[in-house]
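Same chain, two partners: subunit A is paired with subunit B first, then with subunit C.
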Partner chain A sequence: MDYEITLLTTMSISILFALALNFVTGLCGQISLGHAAFLGTGAYTSAMMTKASYPFLLTLPFAALTSGILGFFIGLCSLRVRHDFLAITTMGVGFLFVGVVRQQDFLGGEVGISGIPSPGFSRFWFLVFCLFLASLFAFFSLRIKKSWMGKVFESISDDEDVTRSLGINVSHYKIFAFVIGTSVAGVAGALYAHHLRFIGPDSFGFVESVSVLAMVIIGGVGSVWAVSITAAFLSVLPMVFQFVDDYKLLFYSALLFFMMRFSPEGLKGLVEKIKKNRKSKLDKENKNEQKAS
Partner chain B sequence: MLKVLNLNCGYGESSVLRGLSFELKEGEVLSLIGPNGAGKTSGLLCLMGLVDCHGGDIFFKDKNITSLPSDKRILEGLAVVPEGRRIFPNLTVFENLMAGGHILTSEECEKGILKSYEYFPILKERKNQKAGLLSGGEQQMLAVSRGLMVNPKVLVVDEISLGLMPKMVDECYKVLKKLKDEGLSIILVEQNTEKALEFGDKIIMLEAGQIVWEGDSVTATKENIVQKIFT
Partner chain C sequence: MSKKLLEIENITVRFGGVIAVNKVNFSLEKGELVGFIGPNGAGKTTLMKTITGMVEPQEGKILLNGELLNGKPIHERINLGLSLAQQIVSPLNSFNCIDNVVLACGKNKTKNLFKSLFINETAEEEKKAKELLEIVGLGEVLNEYPETLPLGYLKRLEVARALALDPLLLLLDEPLAGLNQKEASSLGDLIVKLNEKGQTILLIEHNLKEVIRICKKIYVQDNGRSLAYGDALDVMKNEDVKRAYLGTNKNA
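Moving on to the complex of A and B:
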């Protein structure tokens, strides 16, 4: 039972993290190749605070705040650079984060922070809490997507220049997306730290950033459901299959490559395609039957 | 209404348009013509505040708007229909129009949408369809309507007839004519010289970023222009 709980908790945290990136990349079309840095910022903030014996729940807003502030500055960058350059910039932020954390003795340096206190509830209730937060944010994302703001996000991701030419203040929306997407990643980081009770700089490196991006892209950029399901599935693969854990980067990159090659719209697109094919096949059969009769 | 004095613009260091000046009155149409790469689109985008202005002044209703950001210019009453339509393919027709009216109150927005449906009834039929699935002509109508949402005083239209069949082009021009009669000033970029001469009150011909010829609808005959192009 313990094993299942651990598995499910990992899933829920990954879903929350992937949905956080989906908010920036999926809804607003701004790529982030260093999202693990925000997960890490939240994780370190929260871990340092509980170690200083602040209650776990109190650390969550602070985790969101520190990550969100960092995200705000990256959001400012996104106003100056776009597309591939934004990818490189955010990737740089990811490397910078790991590099800086490694050098800080008070953050545990290379070794990281161990002996992080328990969040204060049992493993089962911690799972329930993680699931609750993930569902809450999924619900929020769905609401935003349907809302007027979601439409503006969509238009920014379709064609930023034209959106600007309609008098829409693109900058505000982009920064908002970054702040939400990064502060939620910070909360996911806080959960992560108290789930594993140990964090180190390598938990938040490039590999993690690529894996979470893989979850978003493989799921189908922007689709809350597809991204959640993919995140749940992909996050436990390394726990179930040792070889996936050993070759994580290779595995996720290969998945990404094949997805881009065969179904750029992700699983969501694949499912839609299959549905359509089946429908047109049915239509054809119906027609044939009609002809025959 | 709109007065442009010695406008220079470009991208970063490079300058693509030098010394554009003109004056546009209410209900007047200015046609900008010229070969590919002459700087027509860049000039329009500079008017909208979307391309760097390297010098010169833009006055709108006697107010200097040269350094105003683009969203403020739209509030003043300038709007653009961009080159190549560029509607949002993943939004529905209705949502595209809403995006055009984003800066309005919801009542004004509703009014604007009803007006668009009046001009282009086909949009009403297709209102819940993804805009990416519209035909080229319908997309162009949507792009024009989206620009008109803010009820502008000056509408800037870039190559409305690009890739449309003559019948569609006529349909679009019919609406522009109606708008002009209602007092809208229009700046038109057009590759279709015939249309540009027929519809424009003033004609400016650009080449390599400079005005090479200008005149009004009387002096601008086709022969005149053709002569200019080939000499």
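Moving on to the complex of A and C:
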């Protein structure tokens, strides 16, 4: 049973992390290739605090705050650079984070931080807590999509200049998306640190950023349910199949390639296509029946 | 009290060593429909961009309804009462026609970030968007996506979206460009109809025939300088205007 609980906890944390990136990239159209840096910021903040005997739950707002502050500054960058240039900037932030953490003795340097204290509740209740946070943020994302803010995000994702010409302060919305998306990644990082009880700089490198981006793209950019399912599936796959863990990047790249080739809109697009085909087939059958009668 | 809606005072715009707009003065009164013409390179689009805030002038002042626009970002100018239908149509392709206009209709809901987070209701905006799309003749393609529509429809969609912002001043940048005679004439009629309802319009256009037909007043610019401003037929008889469009006959 412990193994299943571990799998499900990993899954919930991955869903929360993927939804955090989906908020920035999927909903607001701002690419982030260094999202693991925010996961890491939250993880280190929370781990350092619990090691200093602060209660786990108290560390969560601080994890969100530190990641959110970093996200705010990246959000400011997004006002200056767009598209490919923003991708490169965020990738740079990811590398910078790992580079800086490696050099800091108080953060454990290359070795990382081990012996992170227990969150204070049993493995089962920790799983429930992780699931609760993932569901809460999924609900929040769906709520945003239905609101006027969701419309503005979609419009920014489509064309920033046109959105400005509709009297909308695009800068405020972009920064808000970055702050929320990075704060939640920070919370996911805190959960991650207390789930594994060990963190090191390599846990938050480029591979992690690309993996979470793959989850969002394979799921279908912007879709809350599709990204959640893909994140759940892809996060446990390396734990179930050893070869996926050994060739993680290769496996994700191959999946990305096939998705781009056969369903550029990801799992969401695939399901919509199947629904559409089934509907047109049913319509055809109904017409034929009407003709026959 | 002055009825002037737009006042452009001594505006100069330079791009490096090139002077695109040179000490231009121009004003527009409430309820007017003014045609803004000039040969290629006259600085028409630059002046339009200066009004909307895409280009910042090196000298001069722009006032809308007595409020200084200089230094204000685009969205603030829009919220002060400007609205622009661009020369190159730019619909939001992930939205259908009605949703393109609904987003503009919801200006008061999207102005404030936190307000937009807590409001879902769109019924009022949908009703207004439908009415506007019917006014511009797009009542039958409400749910169509822009990618599936021809240029003439997209130009009308651009006008509907600009009108949805309830502007004090509607700037139309070459709305007739790329349209055939029938489409241009029908869109021209629509512009007149909007003006008759009280909408102040500044129309940049190359289609002189249509401009003379629909605009009572014309402003002409050449090489970045003001050339003429006044009654449409008088302006077109102006020797300087003729020279700007047809050139000089050196053999004469």
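Here is the rule we use: the second predicted complex is superposed on the first by the 291 of 293 C-alpha atoms of A that agree within 3 Å, B and C clash if a C-alpha of one lies under 4 Å from a C-alpha of the other, contacts with A are read in each partner's own complex, and residues count from 1 in each chain.
Methods note: a residue touches a chain if its C-beta (ideal position, glycine included) is under 8 Å from a C-beta of that chain, and two chains touch if they have at least 3 such contacts.
As the structure is a prediction and not an experimental result, all values here were calculated from the model.
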**Request:** Record, for the superposition on subunit A, whether partners subunit B and subunit C clash or fit.
**Result:** clash
**Asked** For A:164, is the partner it touches subunit B (first), subunit C (second), both, or none of the two (neither)?
**Response** both
**Prompt:** After lining up the shared chain so the two structures overlap, which partner does A:155 touch, if you call subunit B first and subunit C second: first, second, both or neither?
**Reply:** both
**Message:** After the superposition on A, what does A:81 contact: first (subunit B), second (subunit C), both or neither?
**Reply:** neither
**Message:** So in the superposed three-chain picture, is A:173 touching just subunit B, just subunit C, both, or none of them (first/second/both/neither)?
**Reply:** second
**Asked** More residues of subunit A in touch with subunit C or with subunit B?
**Response** C
**Prompt:** Just subunit B (first), just subunit C (second), both, or neither: which does A:147 touch?
**Reply:** second
**Message:** By the touch definition at the top of the document, which applies to A:57: first (subunit B), second (subunit C), both, or neither?
**Reply:** neither
**Asked** Between subunit B and subunit C, which residues of subunit A are contacted by each of them?
**Response** 148, 151-152, 154-155, 158-159, 161-162, 164-169
**Request:** Can you check the complex and tell me which residues of subunit C touch subunit A?
**Result:** 52, 73-75, 78-79, 84, 86, 90-95, 99, 102-104, 106-107, 109-111, 113, 115-120, 122, 161, 165
**Complete:** subunit A contacts subunit C in the complex at 144, 146-149, 151-152, 154-155, 157-159, 161-162, 164-170, 172-173, 176
**Item:** Of subunit B, residues touching subunit A in the complex
**Value:** 45, 48, 50, 70-71, 73-75, 80, 82, 86, 88-91, 95, 98-100, 102-103, 146, 150
**List of subunit A residues in touch with subunit B within their complex** = 148, 151-152, 154-155, 158-159, 161-169
